[in-house]
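Structure in structure tokens, see below.
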């Protein structure tokens, strides 16, 4: 997946000024940025929830810039928003909605696989997602996004609203999927997620400031101060 | 105005002068029109709708609440006027005071509706107006309201005098809008409309602001309803609570563009003008065109005619 | 009402020397139970009237102020099919469902996606559909004139059906059954089909549905079509329940339909069932004990529910501050 | 700017006064202004009146115009008609329009009390005589207002007395002891109900066991009928508009309840319209008023009922929308009064027209009976006998006048 020269915004307010990034096959990329830097906006352009004013998004081998989200999802992209689940639907239904494009028996198989990954939610399949705790909800969100067996999982702040303990659990689960060969694009401000990163992009004021490995990021003094604090 | 510089103040003064002169031209124009055009009732209806559209502007334009049942205050005013004149044999001006009081009392009773948002508020206010109508028109209350049998107020019938009182109400309403557009209070109302949470944090009293706008808006409708009762002198409850009155005022307001002074005026002059010219001859075709116009308006020009200019950054009074 | 032998029956038929088992005992308790039973059956019809409106609100968060006019069109269609082709209303009902779903799709794509992009779509939808309602009313009046139209009562059978001792028109039973079937079908659609699950997902959160890659427009368009079909079916029964249909009946229907769906929880189509029954029973009780105030009822119910329990019975936050 | 406008206004006023003062030669046309409601709740009573009035205008013009005594010759009629769509607000503006802009010679009101109401003060204010077709509201007729006369339809308080007379007279003989009155809460039916209640209480022969008003928008009567049945009344009087009567009669049939005497206003007065909507079996045996559309008065002026019905069917073929009924008679009847007024009035001055209209009182006999006015303008001459819908052949119903005896052409059948 490659996005280049993206300019986008809401109404008249421009948020992105020529941002671009790429995620290669089976690669895990973390997009680091403070609140308001434009992370969510960039992800929305990537998955097709927001039109790009300028620039292009490619999901090799296609130019998907003009595609709607549902078409991109069919093509192997999945998006997990900050909310991530439908609180008014049951766990089972959430997964089925996530895997809506998959053929019936394949979906059933896929759901069993996912329940095996997430035993916490597996034994409450009929319960409403709204009744789950924050951590469980996040797990369900991931499971729902993965229900369509995507090649690329795009996540917006999986740590939002979670206690450090649950953040650890989320990272652990994601790392397992990373090992299984899933490509990931994670927008975060929590540096704990850098453990998952093959590469890092940082976004500031609607522009990409840095691109490179975690080690290179840590080597850069000013960036290091911005994201790791003075500690 | 947060800016206290001399230049800003001069700018404000210029704006107020411009707004006020527009208001004055409209009021004087409608006064003069009565001398040259003899269908007084049509002119009176224009004055009524000019005032009602602006009254609605006060609540919708500045707070974002759109009461579909705005006609409830109008009806309350009409009956406030009629009850005092019928039972106490009061003079018409006392009746007008009663009209104002009746509308304000109803507005206070309905204050809790302001807790509802958007469409719920619109629908609930419509139900409230219907409920008041059902009470007023109930034959069990015939001794008080004359029930469904209608009111006759021939004792105070004074078409000329009541026309000028209607003009005075229009002037009052227009000045209210001018004030809201240019005062600190009006600005804070708009801030609440756009973002009630931040406005509250910025120290603007959300509840107080909305309440005042609601009462002012009701007051205007009540006064218009009162002067309507006076001017027409014979009417039935379904005339005073005709939902079309709300709907017309709403369409005029939206067509012209809320929050501005000129928008609602344009809306009334253009649409009600067309209505009176064409609508009278071929009402069904007109009703259809009117409906289509509304649909197109909402889809392509949701902020009204004036947004053609404001979208280009031009300030419309 | 109980119909059995009683002392009053004797008194009544005494001078004719006839006593049959049509002898009647009426008392206050029977008026009460009669009103409640009639109210439930009548309420089922109003469930049908409100069901589609609520579905659209639930899925799109817009208020279709032309719902009553689509209902009227359904009635006109049934009238037309009967007078020109002699079609039975139950057959017409099936045709109306198909045609109205098909009409609903283009109307949806023409109007709603654009509407939903605006700043305050919930509010603007009220106004927009008011315009649509005006257009429908005008076209119908131009085409057909404004007099009352209805279908012969015999089509659904004349004479009463006795239900728990209360006499009810046959037509009421038919429309109550039609309504129950409609509710059941909507339930099956929402809870037993893939598209239905997606529809509920859109109802829960339109944004999340978009993010999940659901084709929200298609799901909504289908819901819109179903909603019109439900209105149309309700319209087919309208001549039997409301006596007759006129081009301008839509507004009154709308107000009642609002009351029904607000009472039964906005945005929850199945809650409409409860709303309809509450409305029906209260209306019949009002007619029994305070008849001239009966019209006050839907309005008061609506306001009371919005203020006291705005989230309805199944809950959703609607208050602003 | 203001003074200029004022001067202009003055000029206009002077011009208007001038033209009014100088007695002009015969005008090219007599302008008659009227309103009608093509949509809304009053369309069903307004359109037949308007169509019938148009029929009269066309007929008159085809004959070379209307005879105007003041000019001693026939002058064609120019009809100016606006659609008020059942809205009183619109109607008020339009009455004003007709008087002040179109300067009509004669002003004819829309049908029904509600749409007439707003015209009454406007006509009075502008000293324009109002031909009130069927606005029977008692408040319209006051001694201090000479600018109104009711053409057809006696005032609501007179209309229903044959019902109570019949029940007190023949009904009681057959054992009718109790009556239930169910009315729609509007001016027209509300005043009739109140009048009936007064008559029954005054006579003291039949007891009212149920007296309830329901909103005019009521569209189903099942529970109301059940409740009435619970009280076992011998007679049931339902007073409503067309839509109410349709719903009531359908629900009554569906409920299977039988009462010995059932009355509904429109079952007879708009028989064809009701028949279309409820079918014959639901109307069999129902009592109603007998309008002139079902009763043959011998007219001195204009067509009789049969000829008029034929002319109507020719111009408005059955099924074309507006059904023949009492309101059609009212519209034609109004035309006849206008015709006779112009044939006798000294001038087109509005007070002269008042004198001419009142001069016809008691003398004019049309297909609607005798035209007679009280001195305040209310109609008291045209009575409406009580009738009953009785089978005629296999699938037809005939409205038979059964009371008072001098007008009766059949015998009432009171149920057992």
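In order of appearance the chains are A, B, C and D, and numbering begins at 1 in each one.
The rule we apply is simple: a residue touches a chain if its C-beta (ideal position, glycine included) is under 8 Å from a C-beta of that chain, and two chains touch if they have at least 3 such contacts.
Owing to the predicted nature of the structure, the values given are computational and were not obtained by experimental measurement.
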{"item": "Of C-D and B-D, whichever chain pair has more C-beta contact pairs", "value": "C-D"}
{"item": "Chain nearest the overall C-alpha centroid of the shown protein atoms", "value": "C"}
{"item": "Where subunit B and subunit D are represented by their mean Cα positions, the distance between them in whole Å", "value": "37"}
{"item": "Averaged-CA centre spacing for the pair subunit D and subunit A, given as whole angstrom", "value": "75"}
{"item": "Whole-Å gap separating subunit B and subunit C, where each centre is the average of the chain's CA atoms", "value": "33"}
{"item": "Junction residues of subunit D - those touching two or more other chains", "value": "38-39, 185, 213, 215"}
{"item": "Junction residues of subunit C, two or more chains touched", "value": "137, 141, 292, 295"}
{"item": "Subunit B, residues touching no fewer than two other chains", "value": "134, 138-140, 284, 287"}
{"item": "Listing of all chain pairs that touch each other, if any do", "value": "A-C, B-C, B-D, C-D"}
{"item": "Residues of subunit C touching subunit B in the complex", "value": "63, 111, 114-115, 118-120, 122-128, 130-139, 141-142, 251, 255, 258-259, 262, 266, 292-293, 295-296, 298-300, 302-303, 306-307, 310, 318-321"}
{"item": "Complex contact set, residues of subunit C against subunit A", "value": "194, 197-198, 200-201, 203-205, 207-215"}
{"item": "Subunit B - residues contacting subunit D, complex", "value": "28, 32, 35-36, 38-42, 45, 134, 137-140, 147-150, 152, 154, 157, 159, 232-236, 238-239, 242, 244-245, 276, 280-281, 283-284, 287"}
{"item": "Subunit D to subunit B touching residues, read off their complex", "value": "1-2, 5-6, 8-9, 12, 38-39, 82-83, 85, 87-89, 92-97, 100-101, 114, 117-118, 120-122, 125, 137, 139, 142, 185-187, 190-191, 213, 215-216"}
{"item": "Touching residues on subunit C, where the partner in the complex is subunit D", "value": "1, 8, 12, 15-16, 24, 26-27, 30-31, 34-35, 38-39, 42, 137, 141, 144-150, 152-154, 158-160, 166-172, 240-244, 246-248, 252, 284, 287-288, 291-292, 294-295"}
